[in-house]
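Here's a structure for you.
Think of it as A, B and C in the order they're written, each chain with its own count starting at 1.
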Amino acid sequence: MDAVLPQLITGLSIASILLLVALGLAIIYGTTGVINLAHGEFVMLGAYSAWMLQTVIGLGLLESLVIIFLMVALLGWLVERGVIRHLYKRPLDTILATWGIGVIAQQAIRLTAGGELRYVEMPSLLAGSVPIFGVETSLFRVFILVLAAALFGLTWYLMYRTDIGMKLRAITQNREMASCFGINSRRIYSLTFAYGAGLAGLAGALVSPLKSVSPEMGTTYVIDAFMVVVLGGVESLIGTIVSSAILGQLTGFLAFYSNDTMAKAVTLLAIVILIRFRPQGLFSKKVRA
Amino acid sequence: MSRRTLIQLCIYGAVCLAILLVPTFVDDAFILNKYGRYLVFGILAIALSLSWGYTGILNLGQATCFGLGSYCMAMALKLRTVPVHTGSEGLPDFMVWNNVETLPWFWVPFHSLSFALIAGIAVPVLFAMLLGWFMFRGRITGVYVAIITLATMVVVNLLIIDQQRFTGGFNGITDLAQLEIMGFTFDAYGSSSYYLIAGTLTVCLFFALAVTKSKAGLIMQAIRDHEDRVRYFGYDVAFFKIFAFSVSAGIAGVAGMLYTIVMEFASPTFLGVSLSLSVVIWCAVGGRQSLLGAMLGAIIVTGMQGALSESEAFLDTWMLIMGFVFVLVVLLLPKGLAGAVEMLVDRLFRREKPQSERSGSPQAAGQTGAAE
Amino acid sequence: MNARPNDDHLVMRDILVSFNGFHAIEGFNFTVGKGELRCLIGPNGAGKTTALDLICGKIKVTAGNILFKGKSLNKLEEHQIAQAGIGRKFQVPSVFKELTVRENLEVAYCKSTSVLANAVRFGHRSEDDSFEKLAELVGLQDAMDRSAGELSHGQTQWLEIALLLAQDPELILMDEPTAGMTHHETQKTAELFNRLKGNHTLIVVEHDMGFVKEIGDVISVMHQGKMLAEGSVTEIEQNAAVKDAYLGSGGISGA
């Protein structure tokens, strides 16, 4: 029992970060069908925004969160308007274009902020730890967990309880039909992309105090997030949260019992096999082709 | 043979001849070595053009087969280094440092150079056949193929890094002997290696051209265009895809072997994500649906990159520019520079515009008439 | 030629197709003799296209059996069915848009389907001549070296018909071959089909009753996934059940 509980809490913490990172990707993929390989770079840009706001203006992490969300969301909006919008009919090319955008973002950061590692300070308010079922847990990690849950709730609310979410789901179901009813799919797509990017930026800002910030940090996140989306299935928010939980616990478990490299290799292999046999994800209904 | 094919053959031949003649004008060993590297990338781009440009299989793990070929060559050359580098009893030095006592079984056959040369092609081909069978029998297409190939490459890469005792891990396999075939030594910094690479490039280019000109090549393009329709003509699409994927893998393996010869080491970065991305960029910029375009794309892009790589900041700026160029090409020039050139030539020499039609339906003819 | 039942070319027996519990086709029976030209008609949603999908393997039966020349097609994949001698023209004309008309014909001419045989196979003079003839037949002789994507809708229809002729299958399935064609072109198609029957077995799904009258000896009418009636043009026109089925869609000729 002594070993299991801390293990579970570590897994839960990893899962909450995964959920944060994957939520944006899942929404974009689910709505527009674009696999946004620049998603990791949006995460990275969020982290750098946090670092910049802290070092340049001296703004604390908590105070910067809203600004970061808006900044990265704006960037996502621009990317959608300038590039992605022209490629919806060429899905394979969206992969390439978003990959290229990722390269641009990485290089731009390397040239402006430098290639060395950067560190973001943890908010002093959350620097301590609290006992949870007798296990000392970092307060900041608890904060991430709560915030991830809140953002998930907000997204769910947006998707299922608002007008715009209804339109979005209508487009996902059938784009032509939706536009017949006067739904402007272009505007919805831009907004979705911006929202997804903003979420990624937020995720980057939140993990920045836990890990060092570097131009390459996005690469690992995009793979992790992609795994969550593939496992959870498109168009399924519940799938996203369940698969985050599964992968979080699994990663925590594997990292504990074997070495990191092999853990990564095994999860990737699992993803490959999953895509081969269930490309629609574990938690999606089977769709008629 | 059509006139078009004839012209194409002449252009391809002229380019290869020009490449083969380079050492008569350049005798700086370092420059030749550098040029050799660019040519190797040209071969790699030909391989991707065959699978992506001609068959529509976007292989984001093209570097896997390149790396496998490169390691096959490195293993053979490692076993041929003078004892001072190979530790006691002919064991490679890194194995000695990792307390490996006997040569692992999969290293043993690499004592034979011929085995290594065959393995450098056969291992990537077998790998591609297995992966291709796994994907294409299950009718995995498009984006999912891209993701599976990418993920598989990362797995192989991680395995090589993890199994340091047998593969040299992060450091790769270094301190290699020079390739020696029938008493003839290929010096990495000499015209011999350059000729070897340029010659292989010519063979690969014309081999790939022959594949695309064959009926199988035509069916590959039909699959790229409309995969399902091909099935109803009785072709087993999966087999044709596996064929294209494997031929591409074999050529990539050859490129990998040559790369080990010019670089004088093999490293996990040879099957890395960034190299794979680069190959895709070269092909996209040069024109993925043209073997020559893709090859020249690789040579030009890496050549310019090499010229700018003197300073670190320059290289970063270069990558930034490449990122922009890549996105622009994807957006505006899906057929790359080769496609643009072809369009220009068509405009210049085929004065008549593609007319709507006159023999077919009366409406279409009416439209043409109205436009005239 | 009418030596049925020994000469049954295609037999569909007690077919059931179910999509997520919805029975698109149920209790469907259908037999076509060798060399026959059979028209398959029916109101929208009757399951005509689904029936063709079943024969060419695009959809698998949930239950029942499809026999071609006495052999079951149930376990075969699409390409194996095509190799067995069944070709199909799709409702939405499906050609290879990036290839030229000549290349399209080359792909369709599939005497050998194995990878290795095709890897060492390059253009042949004799084939080229036959492609020219085919193109002439469908009025595309001037477009041989143009990419199929540049063709008009009607020309694309013709090209796909030419592809089927190059493929030369024993059984040809045609899904609305005259859609988008002018009256003159429809006439030409009718002539072509009348020439094909006898040597080939044809199943033609069509809405245009004028065209059906022109080519069809025997007409099969589908309704709600079942075979409603079968007979000559006059028999079908007088059939009460058929009239009922078409009621509301403006009668049989208006469908």
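Keep this in mind: a contact is a pair of C-beta atoms (placed from the backbone, for glycine too) under 8 Å apart; a residue touches a chain by one contact, two chains touch by 3 or more.
Keep in mind it's a predicted model, so treat the numbers as computed, not measured.
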Chain whose mean Cα position lies farthest from subunit A: C
Closest chain to global C-alpha mean, per-chain Cα centroids: B
Express in whole angstrom the distance between the two chain centres, defined as the mean CA positions of subunit B and subunit C. 42
Subunit A to subunit B: how many Å between their CA centres? 33
Distance from the CA centroid of subunit A to that of subunit C, rounded to the nearest Å? 49
What residues in subunit A touch two or more of the other chains? none
Note which residues of subunit B are touching subunit A in the complex, please. 58, 60, 134-135, 138, 140, 142-144, 146-148, 151-152, 154-155, 158-159, 161-162, 273, 277, 280-281, 284, 313, 316-317, 319-320, 322-324, 326-327, 330-331, 334
The subunit B residues in contact with subunit C across the complex are 1, 211, 213-216, 218-219, 221-222, 224-226, 228-237, 239-240, 243, 354, 356-364
Okay, in this complex, where on subunit C does subunit B touch? 56, 77-80, 82-83, 87-88, 90, 94-99, 103-104, 106-108, 110, 113-115, 118-123, 139-143, 146, 150-155, 158, 163, 167, 181-182, 184-185
Mind listing the subunit A positions that touch subunit B in their complex? 35, 83, 86-87, 90-93, 95-97, 99-101, 103-104, 106-108, 110-111, 115, 219, 223, 226, 230, 259, 261-262, 264-265, 268-269, 271-272, 275-277, 279
